[in-house]
Every structure is written in structure tokens, then in C-alpha cells.
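In the two complexes below, subunit A is the common chain; its partner is subunit B in one and subunit C in the other.
After this line comes the complex of A and B, so read on.
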């Protein structure tokens, strides 16, 4: 009995050792980035390896003081939250319609919505540039909101739809005979029941939006609409050369909030993704 | 309180028939049960009364008013579903209150009505729970409370007991009947369980393939079946039906010889006799077969006899025992023999 318990203990220790090593391995690039971000610039570009890095907040001061990083951050946050809001306002009713009503061409419409995700975004870059220019929206956060929302709308709709398909139809029939209108049913019955799906879709949309680069670069031409992702690119050009420690630090700052959100909701996230994959029809 | 008329109701989905032709007149305060195998159109008919489906043809009338184009929420009906359909994110209290909120019942009355409905189904102790924390029986009682809370004109119940175990089902059955009598609300109840139908119904509507086979009180349905389908569907074990020939007032089939039939009947005929109208006897009469099985249940013994290819179920005395393979004679109660047309299965009535 005693030896058995010790054996179990050993197993547990070995297990944690292996898992810990794997976690460290996976987190290595992130930690490496952080260490670059917190080193003086000279140290990063020396040809000799340095085993004991010097700690420095040079890059930290630089990004906040020499660059309008706070503004970029604000732009990012506004554009991302705005786009997710647009996606939910448009996506939830669309998903409900695709999940519940029967009409001609419903499946074609559903597929068309998904297909907007299938082409290479660069194909529409130029038309979109002219579209926003003619609308006078170039270099504004509004344009970013719209473009992020457009990029993400398709899968937000699909994820939410797959959650809605899981809700028994009886529930809506019950609400209908209880006297609820379609909007009341959506608002009081469906949305509370699929909240995990809505959160999942929102987080994934946020991650895509944070990483979006191509269209942001196209639309933003001044710090008025620069976001974190485009700001990163600013550190590579210019007379100062490539400022590696600032890039690393900004990238790390952009990564941390996403990481924390994903950790917080990972249970819903995996459930949402697999459910969408397995069910779908 | 409402009277419901279904006039020539049909429901089609493309080529597929749900309901072919249904005409029923449901009286005020009546408890009517739609009974039939799955896919017979009984649930579809109920959903059309609720307004959840639109009839392809025909007219639904409640208290003289045509309901075809009226939305479910504007029909004064409440429905109980097989899967309970409680709103998972709301407490039981909020679930029961939901129809009151949706129908604009004044707020001040809500609490009293919810507690009264919960009291009727003995759910007062569970009002602050969520549906997920309740057992199947409790959920069904909560669903029942939600249906009765605003005292609708019509109750619609779609197999409400089929997810419960046998003991609970019987208890709930009595409760449903009691509540219906107390509130005196017209009730349409759908089931495939003949015991539920027999025990609950004022009248039973037996359906098959979208057509009504027979409408009648439980006694009429049991004692006076309109055709072989009804005869076979009602009763446990069901009526023995055997195909044979009638000549000179004598019915013959392998192992079966029944004399004394009305003179007008001849040719291919199906003879029916209920298991309790068969009696083991020493006389060489009516049915002779080999003992296929003997199942004592305590209060009676089920005897299965094989005659030709056909197995006959007989309710024998509780002390009856016989070895397998033994030959037994069985007498049928002469006035409890049913004759059906050999082709159509329709009842051949004695003049």
C-alpha cells in the first residue's frame, strides 16, 4: 500500500515535470520577447551572446514618451470593441434567422456568409481603399471598426448559429405559446441560453482584430488611426533603424490582454469551437 | 373555457402527408386524448391547434372564431411539452411567471398567481431553483404550473409523461386529471400510451397515417372498435385477430372453428376476441392449440396458445398452469366476438 502510494506520488511528480517542461518550452518565445523588451538596445544587437542580460526600462520609456503609444492603444481598443459590437448586433439576428426560419436560399445565404472568409483579403484591398476614400473615412477609427467587423462577421454568425441550433426547438415553441414575440424570444430565451457562444465568438473576433494588419495599414495613414499592430511596423523603418526592444515590448503588451482573456474563458472557448465543428448542420 | 372545431384539417409538407383529413368537435371542458403510433399526425394536429403549424387545408375554430391566421401568442392556449421546455436560465419562479409577463398581466397579481399554480402541483418549495437542479418529475410539474398559471382557454399536452418512469407517470396522471377537473379547462392531450388515453380521456381520438380511425369514449373504443387497427391498438395484451373464412355461419382458421355467426357474413373475415373473453375449457370448441407460454403475474396468468402460425393471448385464472406443448381447448364468449372485413379491416356489424 505504502509503496503503491509512493509510486503514485512519483508518477505525479514526473507528470508535472514533463508538463512544466512543455509549458516552459511553449512559453519560451514569449519570455524571450519579454527579455528583449526589457534590455538596453545595444545589448540586443551585439554579435556576442550575452548570458546575463542587463535589466533596462529604456524601451518602456521610449514607447510611451517618444511615441503616442497611449493613443495607439486607445485606437486599438475602440476599434476592436466597436467592431465586436457591430458583429454581435448584426450577427445574432442573422444567426437566429439562419438557425430557425425556413426560407428559399437560406443555406446558400449561410454559405455565402462563410465564403467571404475564404478568399485572400488582399484581393479586395484596393476596392476597399477606394470605398473608404469616397466615403471620407480614411484614417479614422470608424473605418477600422467597419473593416474589422466585416472581416469577423462571417464566423461570428456561424459560431452563434451553431450554438442556436443546439437549443431545443421546443423551448421556442413554449415561449411562443406563452405569448412571447420573436424579438422577446430572441432576447429573453435564446441570448441568455447561448451566452457562452456569444462570449466565445467575441473573443475570437477580438483576437483576429488585434492581429489585423493589412487593412489597418491601408486605412490608417497617421497616428489618428494607428493601432498597436501597425505601430509595431513603425519601429522597423525610419532613421533610427529597427528598434527591436521596442517592438518586443509592444508585441508583448498586445499579447498579454488576449492571453489573460483566453485563460479566463478557455473552458467555453474549447467547447464553443468543437461544438461548432462537430454539429454545424 | 372553449369549444374547438377542426374542420377538414390537412397538413402537407411538399409531397409528405402529416395530417390527411381531421374533423373533430371538442366540447367545452372536455378532456380529449389523441392516441396513435408515432408519425400518425397526432402531434401535428395539436401543434396546429396551438398555432405552431399552419394547416394546409381546413379550418380551426375556437368558440366560433376562425383561428387559422391567428398567432400562437394571440390564441389563449397553453402547452406542455414532452421535453418540459423550461427556460434553463430562469428560476422555476421566473419560468412560471413568464407567460404572465408576456401577456401583460398586471405586475401586482404575478406573485399570487405564481404561488397558486406552484401550489397546485406541489412545487412551492422549489421556486428559487433552476430547472437544471430538478428531477424529471419536478421539471414536468413546473412545466405544468407554467401552463396553468394564467388559466388559459385550452390546455395542450404533448406526451407530457413519456420521459418519466412508470411509477411517477401514474402519480402525475392522476394529478393532471385532477387539475383539469378542478380548473375545468378544455384539454387536448397527445400520447401513444393507451393506458394514459383510457384513464384520462373523456373521449379518445385514435389516429393512424394522418387519418382518424375512431372517436369515442374509452368504453366505446374498447368495446366497440371500428376496425382492426383500433382493436389491435387498444388493450393489453391487444385483441387476438385471426384471419379465416366464413361459410354457412361457421368461421374456420387453423385450429379455430367458431360456429353460430350471423347468416349475412361470408368469405374472408378477420375474427377478433379479447384475451379476457377467452376461457380454457374441456369442451372441444372454438380454439384448439398448443401451449406456447405460461406467464403468471400474481393476479392472473397469461397463457399463449399456438394454433397454426398464429399465437393467441389468453387471460387465464391465476392458478392456471400447464406444461409447454400441451393441447388446450378454449371457448370464446359468443357475444364478445368481433368480425372484421378480411380486406379492409372494417368492422362487420351484426344487424
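After this line comes the complex of A and C, so read on.
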């Protein structure tokens, strides 16, 4: 039976050829990242590309000693964690409302929240630039925090709503007959039950916030509020040209923690990425 | 909330005759109850209004003015008239469409193929972790690394010469199609995993018994995939493509870093067009007119496509 199945099944050679080829294509630029980050600057742009560079920690010293990379890192972390916190504070009650109550306009509200995800950053960039300028928030981490929170709020709300819909209503009804208030039920029953969903939503919001580029570029116009992502783009300035080894090394250092966190939640990733639309995997 | 109900509870306990007093507080409670879900959702909605509705209205008003430095001058529809005669604007729309549709099609086909081969594989977890890697690098850094590999250090040209595919260095920067290709390759590399992860999850979530039954009837894996799995996956594919499509049509980072819209505006996307007119030439009124046009397109697509896709996948 087993051999018959294999014969009728697809060709394993083709399967591993295709998967292997894509894996190679995925990982080659990553090796290239590392090799750029760990070579001296003179070996980056040469008449003939150098495939076996001399090992060097030039970039490492440069980012910590010549640049306030620690400050950019701090800016990134503050803006990102702050924004995720705002999203959870606003998103959890909203998700609970959309998941648990029947009321007029509910589906329209849910769709409105979803549709903000479709707003191109470029459309709202100009008004938001002036909004923050008039509020005196330009060039501050606060502005970044608020904008990241806005970008991710739709995602966070929809993901959390999807997890809430999975909780059997009987669980709540039992608590309600015991006299618990709605807020207590949310706090003591729902939130613990959907913790994986909250973590997934937070991680995805974090990734989008790290990646955000256009707003950060406009809002953070001096090193005062630079985050890692935009600081990288500004390694190109000056008479030095683009400092590629520093860019590559910073990107790699930022990649490692994100990778570890994502591997930890990978079971929930597909559900998070589709805002809760896909549950499998 | 508990204060007004307290004396009432006491009263009913003492004398059932006073039960006529009961309805009043309860009605107040009921009214609060009816508003409670709105209260819960309101903060999020107000926050999003501030960040979408306010800018939307602002952009519409600004689009009817000439705004450079100093006060706004009302100009009626002049910005729009100019916009519809601006071949760079139409070019940007066209570039966004061409680059986006090619990139999205490639990503979808590759992700489906990979998902088809991976989801029954014993090492599916491992494949997923490997394929996930590109997605987790900062897009701005990825853009620089692709710029370095293709343009500044010419590594890709060098490798192709070594293999013997080409004779001299590729002149990517002077060719519109090669520059577009470069943007597409960078996007495909980084974001195919997004679709792959979703498709694998969808395939794994499907009923194995249906597949088993078809297997016992002698159907090949390809036939099962084509006739059973793929039709079942349609709603999921729609949602995934919409989410990816939104990000592709707003492509900015790679254009900003790799091509700057060149050569000859051949890779200028609509986002980059707005950025350039607004923040490079400080022609904010004009840029706002372009934003409004893009906003209208977005709303139409949202109402026609997105609503349906997200509703169908939930039910």
C-alpha cells in the first residue's frame, strides 16, 4: 500500500528541487547581508565584486561609536512599544464590542476599521504632516507612536475580534448569571482566554511599526526622533556616500530578535496576517 | 452605575408593594446597556477618524487651493484640470498598475506552487521558518542591499557574466523595464512568504478526509489540488491578495531608495509622485489633488472588492 501510494504520489525529487531552490533564493541575500556587514568599507564597491572579503568589525564600531545608534534604537523601541500599548487599550474594548454585542451599524463600524488599513500612507501624509506640525509634535517620538498606533489599530482590532469570536458564549453567560459585570468578564475571562491572539496581534503590529518608512521619514526630520528604519536611509548622506556595511549590520541586528519572536508565534502567524480570516495552520 | 441601584434593591427587599419604583432605574440601566457597545468601540473609531477622516477632508479642501509657501490661494478646479493633463500623473498610475500586477501575479503563483509542495511535507515547519526570513528584514535595508547587489557593486551582473548568460554589465539604470524588474524582484523576494504562510495554513486547515477519499479513488495530488483544494481556497486567496495588493499599490520605500522613480519616470509609483510633488517641490495643493484621486479609487475598490472578500471568508 505504502509503495503504491508513493508511486502514485508526486515526484519527491521535483518537490525538493523546487522547495530547495526557493530556500536558496531566500537565504542568498541574507548571506550577502552578513558578508557586507562584516567587511571593511573599501571592499564593498570595487571594480570586481569581492566574494571572500576580509573579516572586519568596522561597521560594528562605526554604528556604536560614530553614530548615536543606541539613541535610534531607544527611539524605535519607545515608539513601537508605546504604539502597541495604545492599540491594545483602544483595540481590545473595540474588538469585544464588535464580537459580542448586536447593535445597529456594527458591521459598518467593523468594515470602517478594516478599511483604514487600505489608506495609502501617501494620501494622508501631507495633512498629517501639517497636523503634527501645528501641534508641535514634529520630530518627536510621540508623533511616531501615535502614527504607528493608527496604522496598526485596524489589524489589532480585527485579529483580537477573531479570537474573541472563538470563545464559547456559555463561558460568559455562566459568569454573568453569577453577577459579574461586563467589564469584569472582559478583564477576567476573555482577556486571559485570548492571550495568544493578543500576543500575535502585538507582534504583527510591532513588525509593521519597525517597517514603517514614509511617515517616519516625514515626521522625523532630524536625528532627534530617528528610528532605526529611517536612520538607515540617512546613512546615505554626506560626502561619504552610502555606508553599506553599517546598513547591513544594523539590519541584521534588528532582524535577529524579530525572527526569534516570530518563530515563537509561528502557529498563529497566518491567522494574524489575514486579520483573523484564516484559522488553519 | 451601582449607586442608583442600591437603594432600589433595598426597597424591593423591604416592601414588594413598592415595586412600581423598580422600572425607573432599570430603564436607565437599560439605556446604558444599549450604549455600552458603542462606548467600547468609540475610542478606536474616534482615533481612526482623526487619522483618516480629518486628513481626507483636509486634503479635499487643500486640493482646491494653490499652496506653496504662505497663505492658501483658492484656485477652484485648477489643480484637478492640471492633474488630468499631467502625463507624469497618468504615467505614475500606469507604473503602479504594471509593477503591481506583475509582482502580485508572480508572488501568487510562486506562493501557491511552494504551498502545494510544502504543506504535506514532513518538514513543513522548517520550510516555513526558512521562507519567512526575507519578510522580517527592514524593507529600507532590503532596498539598500538590492541596490548594492544590482546597481552599485554589480554583483548580479558579475555572477551572470561568470555563468556566461551575458557579456557585459547590465545597464539597469538606463532601462525602464530592467528597473521595473528590479523593483519586482525585490518585492517578490521579500513578500512572497506573506502569501506562502497564509496558503499553507489554508491548505493544512482543509479537511483531510476529502483528500484521502479522492486519493483512494486514484486521483493524483495535482488533480486533488486543482479540483478540490484550490476552489476551497478561493476566499482565502482573495483576502491574501487584497492585503498584499494594498501594500503593493502603495509601494514607496523601494522606489525611494533604489530607483528614485527613474529612468525617465518609468518606475515612479503614485505614492512617490505624491511625495515628490508635495515634499520635494512643496506643491501641496497639487499633491493633495492627486491624493484625493487616489483616495476615491481606494474607496471604490474597498466597497466593491474588499467588503465582499472579507464577508465571504468569515461565513
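Rule of thumb we're sticking to: the second predicted complex is superposed on the first by the 243 of 281 C-alpha atoms of A that agree within 3 Å, B and C clash if a C-alpha of one lies under 4 Å from a C-alpha of the other, contacts with A are read in each partner's own complex, and residues count from 1 in each chain.
Quick note on the criterion: a residue touches a chain if its C-beta (ideal position, glycine included) is under 8 Å from a C-beta of that chain, and two chains touch if they have at least 3 such contacts.
Computed from a predicted model, the values in this text were never measured in an experiment.
Of the two partner chains placed by the overlay, only subunit B lies in contact with A:168; subunit C stays clear of it.
In the superposition on chain A, contact is made by A:179 with subunit B only, not with subunit C. Considering which of subunit B and subunit C touches more of subunit A, the answer is C. When the shared chain is aligned, subunit B comes close enough to touch A:193, but subunit C does not. Contact residues on subunit B toward subunit A in their complex (touch as defined above): 47, 50-52, 72-73, 75, 77-79, 81-83, 85-89, 98-99, 102-103, 146, 156. Residue ranges on subunit C touching subunit A, taken from their complex, read 34, 36-38, 40-41, 43-45, 47-48, 50-52, 54-56, 58-59, 62, 110, 113-114, 117-118, 121, 125, 127-134, 136-142, 144-146, 148-149, 152-155, 158, 189, 193-194, 197-198, 200-206, 215, 218, 220-222, 235-236, 239-240, 243, 246, 249-250, 252-253, 256-257, 270-272, 274-275, 278-279, 284, 287-288, 291, 294-295, 298-299, 301-302, 306-307, 310, 313-314. Residues 168, 170-171, 173-181, 184, 188-189, 192-193 of subunit A touch subunit B in their complex. If you check the complex, the residues on subunit A that touch subunit C are 5, 8-10, 14-15, 18-19, 22-23, 25-27, 29-30, 32-33, 36, 44-46, 48-49, 89-91, 93-94, 96-98, 100-101, 103, 106, 109, 111-128, 130-131, 146-147, 149-150, 153-154, 157, 182, 207, 210-211, 213-214, 217-218, 228-230, 232-233, 242, 244, 247-248, 250-251, 254-255, 258-259, 262-263, 266, 269-271, 273-275, 277-281.
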